[in-house]
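Alright, structures below, take your time with them.
Note that subunit A is present in both complexes that follow, paired respectively with subunit B and with subunit C.
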Partner chain A sequence: MLTILRQNIWRVAKRDFSRAWAHTSSVHSVNEQDVEHFTKILSSPSSVISTLSPSFSSSSDLENFNADWMGKYKGHATTVLKPRTTEEVSKILKYCWERQIHVVPQGGNTGLVGGSVPIQDELVISLSNLSKVRSFDPVSGILVADAGCVLESLSEHIAPHGFIMPLDLGAKGSCQIGGNVATNAGGLRLLRYGSLHGTVLGLEVVLPDGTVLDQLSTMRKDNTGYDLKQLFIGSEGTIGIITGVSILTPPAPKSTNNVVLALPSFSNVIPVFKATRQHLSEVLSAFEYFDRTAYDLALKHGHAAPFPAEEVEGAECYVLLETSGGKKEHDDEKINTLLETILSDEDSLILTGTLSQSPSQFASLWAIREGLTEAVSKEGKAYKYDISVPVSSFAEVVGTVRARCEEKGLISRGLVKHVIGYGHVGDGNLHLNVIATEYNDEVAQTLEPFVYEVVASHRGSISAEHGIGVMKTHALKYSKDAISRQWMRKIKDLFDSKGIMNPGKVLE
Partner chain B sequence: MRPSPISQLRLLVPIKRCIDYAVKIRVNGSQTGVDTNVKHSMNPFDEIAVEEAIRLRERLKDQVKSIKVVTIGPAKAVETLRTALAMGADSAIHVEVPETLVPEPIGVAKTLRAIIEQEGGVDMVIMGKQAIDDDAGQTGQMLAGLLSWPQATFASKIDVQADLKSIEVTREIDGGLENMKCRLPAIITTDLRLNEPRYASLPNIMKAKKKPIQKLTPADLKIDLAPRLETLKVTEPPKRQGGGRVDNVVELIEKLRVAGIVAS
Partner chain C sequence: MLTILRQNIWRVAKRDFSRAWAHTSSVHSVNEQDVEHFTKILSSPSSVISTLSPSFSSSSDLENFNADWMGKYKGHATTVLKPRTTEEVSKILKYCWERQIHVVPQGGNTGLVGGSVPIQDELVISLSNLSKVRSFDPVSGILVADAGCVLESLSEHIAPHGFIMPLDLGAKGSCQIGGNVATNAGGLRLLRYGSLHGTVLGLEVVLPDGTVLDQLSTMRKDNTGYDLKQLFIGSEGTIGIITGVSILTPPAPKSTNNVVLALPSFSNVIPVFKATRQHLSEVLSAFEYFDRTAYDLALKHGHAAPFPAEEVEGAECYVLLETSGGKKEHDDEKINTLLETILSDEDSLILTGTLSQSPSQFASLWAIREGLTEAVSKEGKAYKYDISVPVSSFAEVVGTVRARCEEKGLISRGLVKHVIGYGHVGDGNLHLNVIATEYNDEVAQTLEPFVYEVVASHRGSISAEHGIGVMKTHALKYSKDAISRQWMRKIKDLFDSKGIMNPGKVLE
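Right after this comes the complex of A and B.
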């Protein structure tokens, strides 16, 4: 009873908070005339999904667009548009700008901070029908594609030419290149190929008033004034809709290998990381971390165990390292020296480990790490904190948060099942996941702002790669000072003075 | 007092280096075969055979005297042998052939017979039921024929009797399982559900580098591996015609009507 009451209070509080922005401008909800207009300006009738006339879709048709990947955030959009061309996106925004209709751009809807779903009944503009590859140059590796192309399908498109996408993440089968750019997604290859701020060469963006900003450059070098495209990388749909992306793709490595090591103690991560960097140098392409509980969850939710249970008894954590190089013999020799060093170390840095013996084993080892996000979501409702902190504090941060949950009795009362940590050691990025039985006000209040304060005490970032979305707007202050926030606000207002783009996201 | 074992088993596991099953197969330009310039690994059924040999040792302890793996293949096949040694085999034989020579099942079976005769005292040959590259599925049966040994093909379970003189094997057959018993020495071919092969552990991968690999040539064994079959042409299956998308039911019905599938 009490929890229901609390949840209601929380809901009301949230509603009031979202009203705050709603009332600042005279917003219009989408109405029947609007739907009729959209039906006219879009070439295909299937581009309009709406519960309003003249479309009359059922609300279940809209469910997937209103709910986020985690099932944590739910919007109440009545209408979803799926334009097929940049011109159609432009027409839609021009109209929304004039009518002051709030819009939410949506890619693959895999975002983990609630940025891709409406807060109230904003119009959803889904990019999934904008899904053509525009060009690929097999000499330079420059790919130009519509924003709605799914990351994995782009990988498949360029693979026969011997290239790979510079980014890779667990959501690759659903997330779109436009969504990746809009969230400045990091992922598993960042250590090797750098961030999208470097690999994205150009963007085509439809600005909130419908103007098309064509910066779809295919040049690696272009120092002609302000680099506007950078503003849209990581802008989370708040200043424009990305419709086209030009991106530099690297040649596929000729030889890849991976190793998973079981470590007796967290304190061995750094010595192993150091040795790895020293011995593998340029062929090291990923160095990932997952703690014991995360590993156990992966096995529980369907991954084959790479080690017999007795060999990893007492392992506190695991690391996965990957090499990508040009010549197998060369890479093998480097891995060999590394493994010999680690195995002969008198401090017994590792309990055991394995080196993949075939492409299939290579894929299975990666699947453990890549499948964690999904394993977590099968286990319960996750509070996800995607943070940057010094690698040496990964375990401490997880421990502090677990202790907090224990202290507040969340674990003994079964509200919280696990507190786990995994992430990209190579980038100092920890995914702290608190897995609750359900999303609950008491859990939320125990964790926030506590977690953000912990992060701030390490001078870290409260969002390393997932963005701010709606989840962290109130916490932005822990990573960006007042002056930075003020200038972010000015930029938002400059592009979107009417505030129609993804309201309530990133900035309060 | 424990009775001391009367005899000890010696296991031979033939393995083959194949294009990895995760690789997309492409026909080469001259249509004489497939593009082999891709990633290779141990034939999955052979991996199961190696795993089963190791499990037999884990169950029977020193009653399994030795696990020897053998491959007939190009220089690079040595990596496949190392993988088997890292999983737990004791020693290996590499019958090296040029990359361009792809031995046929009968050639492989004869080579294995020559090795078994030369080695002497092999009690059990555990091998894959087929290799995933040419899918011939013949070698085990041919070897049994050449040696006049019993064969238990497509095994999904293997039990060695206490006297180490015979085995009981469960086979997967159409519509069910068949249990059979046969005397040793025997040939067993493995099916997919026999076991799940392990990952080689790092310490074992390092140890495997020091395990012995004996090198032989077909000539050493007085075997002629020249192919008896001639491949005329290799082609890809016809491309699937991609489907189209329609926007609504009316359009769909119209298309079906034009195609003559529904009456107008």
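Right after this comes the complex of A and C.
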């Protein structure tokens, strides 16, 4: 990952540098007077962390705020503020707006595209002290919380009432609901509960000039004019700071099951998906895909085999499906009917399958799928693409990229070890991973812009879940045409005419 | 309704008049040169209907386009255009933008707030000739259609593949998918499938200056910058014309059931709702509420009683619940368990209940709920409010308004006959109806702004589903504060700086 990485930092730094130059007379770094001012307007002294006077924190106190989750991007902020209330956020932004200080909103700092850390020395505004649940209505399931609430703590808050959060992700122990909204996070429950554009009912946002935009509705239906809050869902901190979130949470399922199926051929994925939807209908909650190479890697790097090797000889790929329902007997019966149908199918849709019989088996089947990221990183250096393409093209896209690598001799020369695909069939979200022996310019140039062009040819998305951040600003054009990008820019300028919010992110 | 009506027309006309005056030198009525130009740029002569030369249509040809569904609002358009392609829409708007001609986009013209008809002599652009299905993917359920496709025809198109539209409404035979998106229509399936903000995946929109904004994604997940299409969902034709819609359609349920329950007390609604959600979980698809007076009116005006009178003596209200599931036996069992639980409850949550046993019984139970609008209009002159308030406040809101009418002597003097409430408990959407003997200023002044203030005190919405149109621009302030309205105005001005799109609608 390192080569891409350095390239990116360099490219971004250069780009941002020129922007910074263009603004040079007006944009200000945080100075000692600023820190003094912040100390005055924030209620608690611990809300200001700065290497500058009068704070004099050590630079190690700032390290975690300057480095992203992957260790890919590094900022040089001298100052981090941790406001405790919406009003404090408003006061900070009002001041930064006047002084033209660049700011980076930071949630749990688990983002995967470098959006949450400064590029240069922007002021970091961490939301972690804004962490109160404001209200929960156990009739409607509507939760209102400060943006800095950690996703998992919200799950715990509502669990006793029999509700779950409509989203779940690997980062749940650290990521914040505000960060989830700012990145429009997808995750494992999207197939069932839909996107945040549907489940977020309201937002409270502090605009770049400090104005508080109160759209914190707790109504499921409200058709009174433009739905402004939608713009902030997925805006990655570039047009305002989310301080409060109102979200619809669904009742918790009472029973869950999962199954892994081995398929003789890629072309069986869609028939199996159709049969699954038909038999599991409303209890289907996940339908994940991984190809043979991905499966073998998971086993190679320590996961228990769910099947004896001879049973899955010749399997081209696997699917994992999960049910979540209200009554165990019903869910079991639905799954059994499905399995009987696809097993007895004349065309042998599947080679074999395994159904979890206990919570630990349930967890270990999921672990194969969830452990792929780690297995890949143990196997080599991965070029990772988080893309959306039509489900029917999953194997084709992986095949096209593999063929390209073969054609360029990357495979025969051992530069590329594997090209694998896994992802959420239910959401059309494919994780394409090219595993190289080393990061290498030839491999990088073989893949980019090729992969993005392939995605564009399917009218796909170059970023299904993770967003643009600083990592993919140069590739945005493959998913959004010039007119769309021009209108994004107009929106950015409308809210943030001075360009103080998260500069260099999303838009170049 | 007539008094309110005239007041509204008058008020709007006056407001619009002053706007028109302000713009007077720049805004143009359609003239003969314009009609000639339109005739040239549109491929079919039948796409131009105008009383002006060279068309010379009779004014009766324009009647349907100038009158809204309720017969409340009447426009004076001389010209209606019915483009056949996105390109034609673009050419028309480009011309109108340059010439500063006001336009009103019109779908099926079933809107209930007067948004789809001209206030004065704006040009009407009807989408009804843009009516092709562009694609349907039977794996993902993603449908892409021209905006002018009628909702019901889309249902019919996808039914053979085992899918249904994620929304359903009484107007389905006439309303268009573009109009549904433009009004963010709710309807009967919202509880189950969520709002259009979640199910609409992409839009093609022609902006006021004729630019085509292509956001017609067919991806379920796409996090590449601001989600601009969201702004057009619910924008009621004021910032662009929707020409294409990409929407996620869910698999059709295989089994449906419904039940009507009679409750001794308002305060039982929530416990029954909770029990229902617990036992029916993922198969619950509707949970509707109507109070005693509403039920009695339905019976009085012709609906078959689902219960013998003595069984429901003392019932304060009723609920109708519906299930939609994948396996009939399972759904039946879930319903039976629910009924046993609430019947055997010590506190007697319900007086009695009736479960449909056949498709005709299913239809006749729904007919009671769906027939309320008609029953109300037979009973007297109704002041209708389509509001969102917390479910726990449904009865309180109705009671507060009834008390207000009593206090002002409206009930004792026979001016108001009933104050009733019904609606979607699942969505927090209450239809509050005040049935008067006659439309009357005293009644109107007793109710407004009182009802809006009550809604505002619950942080509710003054328009849960129907939108603002021309009818509620003056009341927008009760649901959206000054800052929100100011930002709506900025969005309007950003897209439509010349103010040519649907003037006088949504924003004053």
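The rule we apply is simple: the second predicted complex is superposed on the first by the 395 of 508 C-alpha atoms of A that agree within 3 Å, B and C clash if a C-alpha of one lies under 4 Å from a C-alpha of the other, contacts with A are read in each partner's own complex, and residues count from 1 in each chain.
Here is the rule we go by: contacts are C-beta pairs under 8 Å (C-beta built on N, C-alpha and C of every residue); 3 or more make two chains touch, one makes a residue touch a chain.
The model shown is predicted, which means the values in this text are computed figures rather than measured ones.
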Looking at the overlay, does A:Asp222 come into contact with subunit B only (first), subunit C only (second), both, or neither? second
Is A:Glu311 in contact with subunit B, with subunit C, with both, or with neither (first, second, both, neither)? first
Could you say whether A:Ala464 touches subunit B, subunit C, both of them, or neither, answering first, second, both or neither? second
Check whether A:Gln361 is in contact with subunit B, with subunit C, with both or with neither, and answer first, second, both or neither. first
For A:Ser59, decide between first (touching subunit B), second (touching subunit C), both and neither. neither
Looking at the overlay, what does A:Leu507 touch: subunit B (first), subunit C (second), both, or neither? second
Please name the chain, subunit B or subunit C, that touches the greater number of residues in subunit A. C
Common interface residues of subunit A - those touching subunit B in one complex and subunit C in the other: none
What part of subunit C is in contact with subunit A in the complex they form? 137-140, 162, 183-184, 186, 190, 194-195, 197-199, 211-215, 217-228, 230-231, 233-235, 239, 251, 253-254, 270, 273-274, 277-283, 324-327, 330, 333-334, 388-392, 424, 427-429, 459-468, 472, 476, 479-481, 483-485, 487-488, 490-492, 494, 506-507
Residues on subunit B engaged by subunit A in the complex (per definition of touch): 20-23, 39, 41-42, 44, 83, 86, 196, 198-203, 205-206, 247-248
Which stretch or stretches of subunit A touch subunit B in the complex? 44-46, 259, 261, 304, 306-308, 311, 339-340, 343, 350, 352-361, 363
